[in-house]
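Both complexes shown next keep subunit A, but they swap its partner, so subunit B is in the first and subunit C is in the second.
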Partner chain A sequence: MTETLFEALRLVVVVDYQLLAIVALSLRVSLSALAIGVLIGVPVGAAIAVQRFPGRGALIVVLNAMMGLPSVVVGVIVYLLLSRSGPFGEFGLLFSPAAMIFAQTLLVVPLIAAVSRQIVEDAWNDYAPELTLIGVRRWDAVVLLIADCRFSLSLAALAGLGRAMSEVGAVMIVGGNIDGFTRVMTTAIALETSKGNLALSIALGMVLICLILMLNALAYGLRCWALRRVG
Partner chain B sequence: MFPLRVQGLAFRPERQTVLQDLDLDLSGDGISVILGPNGSGKTVLLRLLSGLLAPSAGRIDWNGRDQPNGRLAMVFQHPALLRLSVFRNVEFALAAQGGERAARHARTREVLERVGLAHRLDESARLLSGGERQRLALARAWALRPRMLLLDEPTASLDPSATEAVERIIREIRTDGAKILMTTHNLGQAQRLADDIVFLADGCVQEHVPVRRFFSQPQSPAARAFLQGELPWRIAFDR
Partner chain C sequence: MANRIRSLMAGVGLGLGLTLAASLPLAAEETLVVASTTSTEQSGLFSWIIPRFEQASGIKVRIVAVGTGQAIDIGRRGDADVLLVHDREAEEKFVAEGFGTQRKDVMYNDFIFVGPKDDPARLAAAGGAQGAFKAIAASGQGFISRGDKSGTHAAELRLWKAAGIDPKALPGYKETGSGMGPTLNMAAAINAYTLADRATWGAFKNRRELVMVLDGDPALFNPYSVIPVNPARHPHVKARAAQQFSDWLTSDTGREAIASFRADGQQVFFPNSKK
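Presenting the complex of A and B:
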C-alpha cells in the first residue's frame, strides 16, 4: 500500500507525459462543456425565474429533478444520437472528444439552469416591485439580473464544473476511453483500477482533486476580489 | 391624473383585512404624509395606488381614468439598487423608457448632481452608505420626471444628517412639480414636510386634514392617542 502511494506521488512529481495528456484532455472536455453549459443554462434559468407562463411549476420540478440525471443514461442517449444509425451519425462524432463535450454539456446544463433559476428568482423577488414600476420589460430584467447576480451565479458554474469533471459514465460510453485520444482522468482511473495499476489511479485521483480545489480556490479568490470592488 | 379619488378601497388577502372601505381625495400638488400605527395599511395603500397590488374592492379614480395618465414613481424603504455603478443605476431606468442616449446621460448627470452624488458616478451603488443609497433611489425616481412620487418611509433608519439631505431632495422634487405621497413614523418629519396629513388606523382613513390642524386639533380619538404616544393598538400573536 505504501509503495503504491509513493509510486503515485512519483508519477505526479515527475510529471508523467501520459498523465499530463490525460489531464489536458480532461480539462479541455470539461471546461468546454462548462462554457457551453453556462451560455445555455444561465439564461434559461434566469428566464424561467423571471417569466410567468403555464406549466412553469412543472418545468421547475423537471429541471430540479434533472440535476440528478444519471450520467450513464445521458451517455446512452448521446450514443444513440451519434451512432451510425442515429440522427447525427453522419458527422462521425462518436468516440471523439466532441462527443464527450456534448454528453457533459447535457449533464451540466440542467444543473446550471436549476441553480441559476433559484438564485435569480430570489433576486427577482427583491427587485420586482421597483423594476416593474420603472417599466423594465421582463426580458430586459433577465439580462439585468444575470449581471446583478454574477457572483452568486459563479456558484452554479462551479457546481457544473464539479459535475463535468467527476463524471465517468457518459464519457466512457460516448468517448470509448481510447488511449491518447478520448481517455480522461475519470475513465483512466476506472480502467487502471480494474487493471490493478493502483499507482496511476491514485495519481490521477490526486491530480483530479487538486485541480477541482485549485479551480474553486481561483473562483473564490476572484469573487472576494470583485465583491470588495463592487459590493 | 388629479384629483385622485379613492372610494371604498379594500384589501383583504387570505382572510385578513388590511384596508376596508377607505375613501381618500388627493389634489395634484404638495406633500401628503400618511401617518398611522404599524399594520394600519400605509405601505399597502401606496402599493395599491402604484398598481403593484390589486384591491379586493373599491375604486381608484385618476381624474376619471382607471390608470394614471402621468408618470408615477415609487421609492421603497429599502431601495433595490443593482450591482452597477451609481450612474448606471439611474441611467438604466431612463433606458427602460427609451429616448436618446445623450439625453439619458445628461438627465442622469443632472439628477445625480442635484442629490449630491455627482462625484461618485463610477462607484458601485452597493458600496454607498444608507443615506447615499436612499438619495440614489430618489435620484432614479426623480430622473423619470414623475407626476406623482410615492415614498415609503424614505428616512427610516437614517441618521439626522442623512434625513435632512433626503428631506431637502423631497422638497426639491415637489418644487419640480411632482405630487408627493409618503409614509413616515417620524412626527417631526411630518410637521416639517407635510401640507396635509392622512391618518390611517384600523384599515381606514380616520382623518385627512391640513398639517397644522392635525397636530393642534386632532379630531379622531385614534389620532389623539397616536399623537400623545399612547399604545391602544394591540398586535394579535397567533398561536
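Presenting the complex of A and C:
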C-alpha cells in the first residue's frame, strides 16, 4: 500500500505528460457532457415540476428510474447507433471523443432532470400561491424558479459531473480506449487492472478521486463567491 | 434578473461551443483504425512496432484492443479499417463472406498452461495439451476460462474437444467472460489453472503463486493474421492505408520490428509472413 501511495505521488509530482493528456481528455469529455446535460436537463426538469399534464406521474417515475440507467447499456446502444452499419454511421463518430460525449450526455441528462425536477417542484410548492396571485404564467414561473433555485440546482450539476467522471462502461465501448485518442482516466484504470498492474491502477484511481474533489472544491468556492456578491 | 439569466445562458452557450469546436477532428493527418486483440496491446507489442510504422508511413494508427470475436465483429460492421487477430477459422469465414480483402500470416506466439506453483494436477508430466486437459479434468482442479469468444477462448475450446472432454461438466471450470488480464487476475486470486498466451503472461504483473507449468506442444501454436476490411463492403474504409499496414507488417522491416520486441526479457512474437 505504501508503494501504491508513492506511485500516486510520483504521478502527481513528476508531471507525466501522458497522464496529463488522459486527465485533459477526461475533463473535456465529461465537462462537455455536463454542459449539454445542464442545458437540457435543468429546463426539462423545471418544466415537469411546474406544468401539469396527463401522464406526469408516470414520466416522473421513469425519469427517477433513469438515474440508475446502466452505463454499459447506454454504451451498447450508442455503439449500435454510431456504428458504420447503424443509423448514424455515415458521420464516422464511433471510437472518437464526440461519441464519448454523446454517451455520457445520455447518462447525465436524466439524472440532472430528475434532481432539478424535485428542487424546482419544492420551490413551486412554496411560491405557487403568490406567483399565481401576481399573475405570473407557468412558463414564466419555470424561468423564475430556475433563476431562484440556481444554487440548489448546482447540486444537480455536481451529481451529473460525478456520474460522468466516474463511469467506465459507456466510454470503454464507444471510445474503444484508444491510446492517445480516447483513453480517459477510468478506462486507463481498467486497462492497468487487466494487465495485473494493481499498484498503478490504485495510483491512477487516487489521481481521479483528487480530480473530482478539486472540481467540487472549485464549485463550492464559486458558490460562496457568488453568494457573497449577489446574495 | 432576466439580464443575469441571459448572460448566464450566453456563458454556458459559449463554453459549449468551445468544447464542441475542440472535439472536431483535425483532418490534417491520415488515421487508420486497427481492431486487434488484448494480447498484442497488453503485452506491449503495439507500443513497440506502431511508432515505427507511423514514422515510416506518416499514417496515425488508432488501436482498438478487444477479443478476436469482437474485433472481427467491429470489422464486419465497418468500424475498423484493418484487423490483426488470431482465430484462423473465424478469419477465413470473414474473408469468404467478403468482409475482408485478403488474409496474410503475420506472426505467431504460443499458448501456455499457467497454474499453481506446486502443480497439484501434475500438468508438467502430462506430455502435451491434450494430456494436460485430461489431467485437469481427472484431478478436479480449478480451471479459469476466458469465456469471451476471443482467439484464446476458441483455441481452448478446440483443445478440450480434441481431448474428448466437455469442460462445462467439470466442477472446477469457471468462465470469466473477460480479457486475458482479468482472467489471469482471477486465476492468481484462487490459485487455479488457465490457458494464456505467452505474450500477455510475459507482461503480467500480478502473478502471486502462479507459474508457467506447461508449454511447447505444437497444438498450442497461436498464429496471428492481418486482414484489411473490404472497401467493396464498406466504401468509407481507408483501403490504401490498410493495405500499407498489411504490407509493412509482412515486409522485412515489419518482421524485424516484431522479432526485436521483448516482453519480460524474452521474444514472444515470431514473424512468419511469407517473403
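List of remarks:
The rule we apply is simple: the second predicted complex is superposed on the first by the 222 of 231 C-alpha atoms of A that agree within 3 Å, B and C clash if a C-alpha of one lies under 4 Å from a C-alpha of the other, contacts with A are read in each partner's own complex, and residues count from 1 in each chain.
Assume a contact is a pair of C-beta atoms (placed from the backbone, for glycine too) under 8 Å apart; a residue touches a chain by one contact, two chains touch by 3 or more.
Computed from a predicted model, the values in this text were never measured in an experiment.
In the superposition on chain A, contact of A:E130 is made with subunit B only, not with subunit C. When subunit A is checked against subunit B and against subunit C, the one touching more of its residues turns out to be C. Looking at the shared chain after the overlay, A:V76 reaches neither subunit B nor subunit C.
Applying the stated contact rule after C-alpha superposition, one finds that A:N177 touches subunit C and leaves subunit B untouched. In the overlay built on the shared chain, the residue A:P97 is in contact with subunit C alone; subunit B does not reach it.
Of the two partner chains, neither subunit B nor subunit C is touched by A:A159. When the two complexes are overlaid on their common chain A, residue A:I40 makes contact with neither subunit B nor subunit C. Look at A:A219: by the touch rule set out above, it reaches neither subunit B nor subunit C.
Using the contact criterion defined above for the overlaid structures, shared-chain residue A:L9 touches neither subunit B nor subunit C, since it reaches no partner. Once the two complexes are overlaid on the shared chain, A:T193 sits against subunit C while remaining clear of subunit B.
144, 147, 230 are the residues of subunit A that lie in the contact sets of both subunit B and subunit C, per the superposition on chain A. Of all residues in subunit C, those touching subunit A in their complex are 1, 4-5, 12-13, 15-16, 19-20, 22-23, 25, 33, 38, 42, 46-47, 62-66, 76-79, 178-182, 184-185, 188, 203-207, 234, 236. Put simply, subunit A touches subunit C in their complex at residues 28, 31-32, 35-36, 38-39, 83-86, 89-90, 92, 94-98, 101, 143-144, 146-147, 176-179, 181, 191, 193-198, 230.
Subunit A contributes residues 126-127, 129-137, 140, 144, 147-151, 229-231 to its touches with subunit B in the complex. Against subunit A, in their complex, subunit B makes its touches with residues 47, 50-52, 72-74, 76, 79-80, 82-84, 92-93, 96-97, 124-127, 140, 144.
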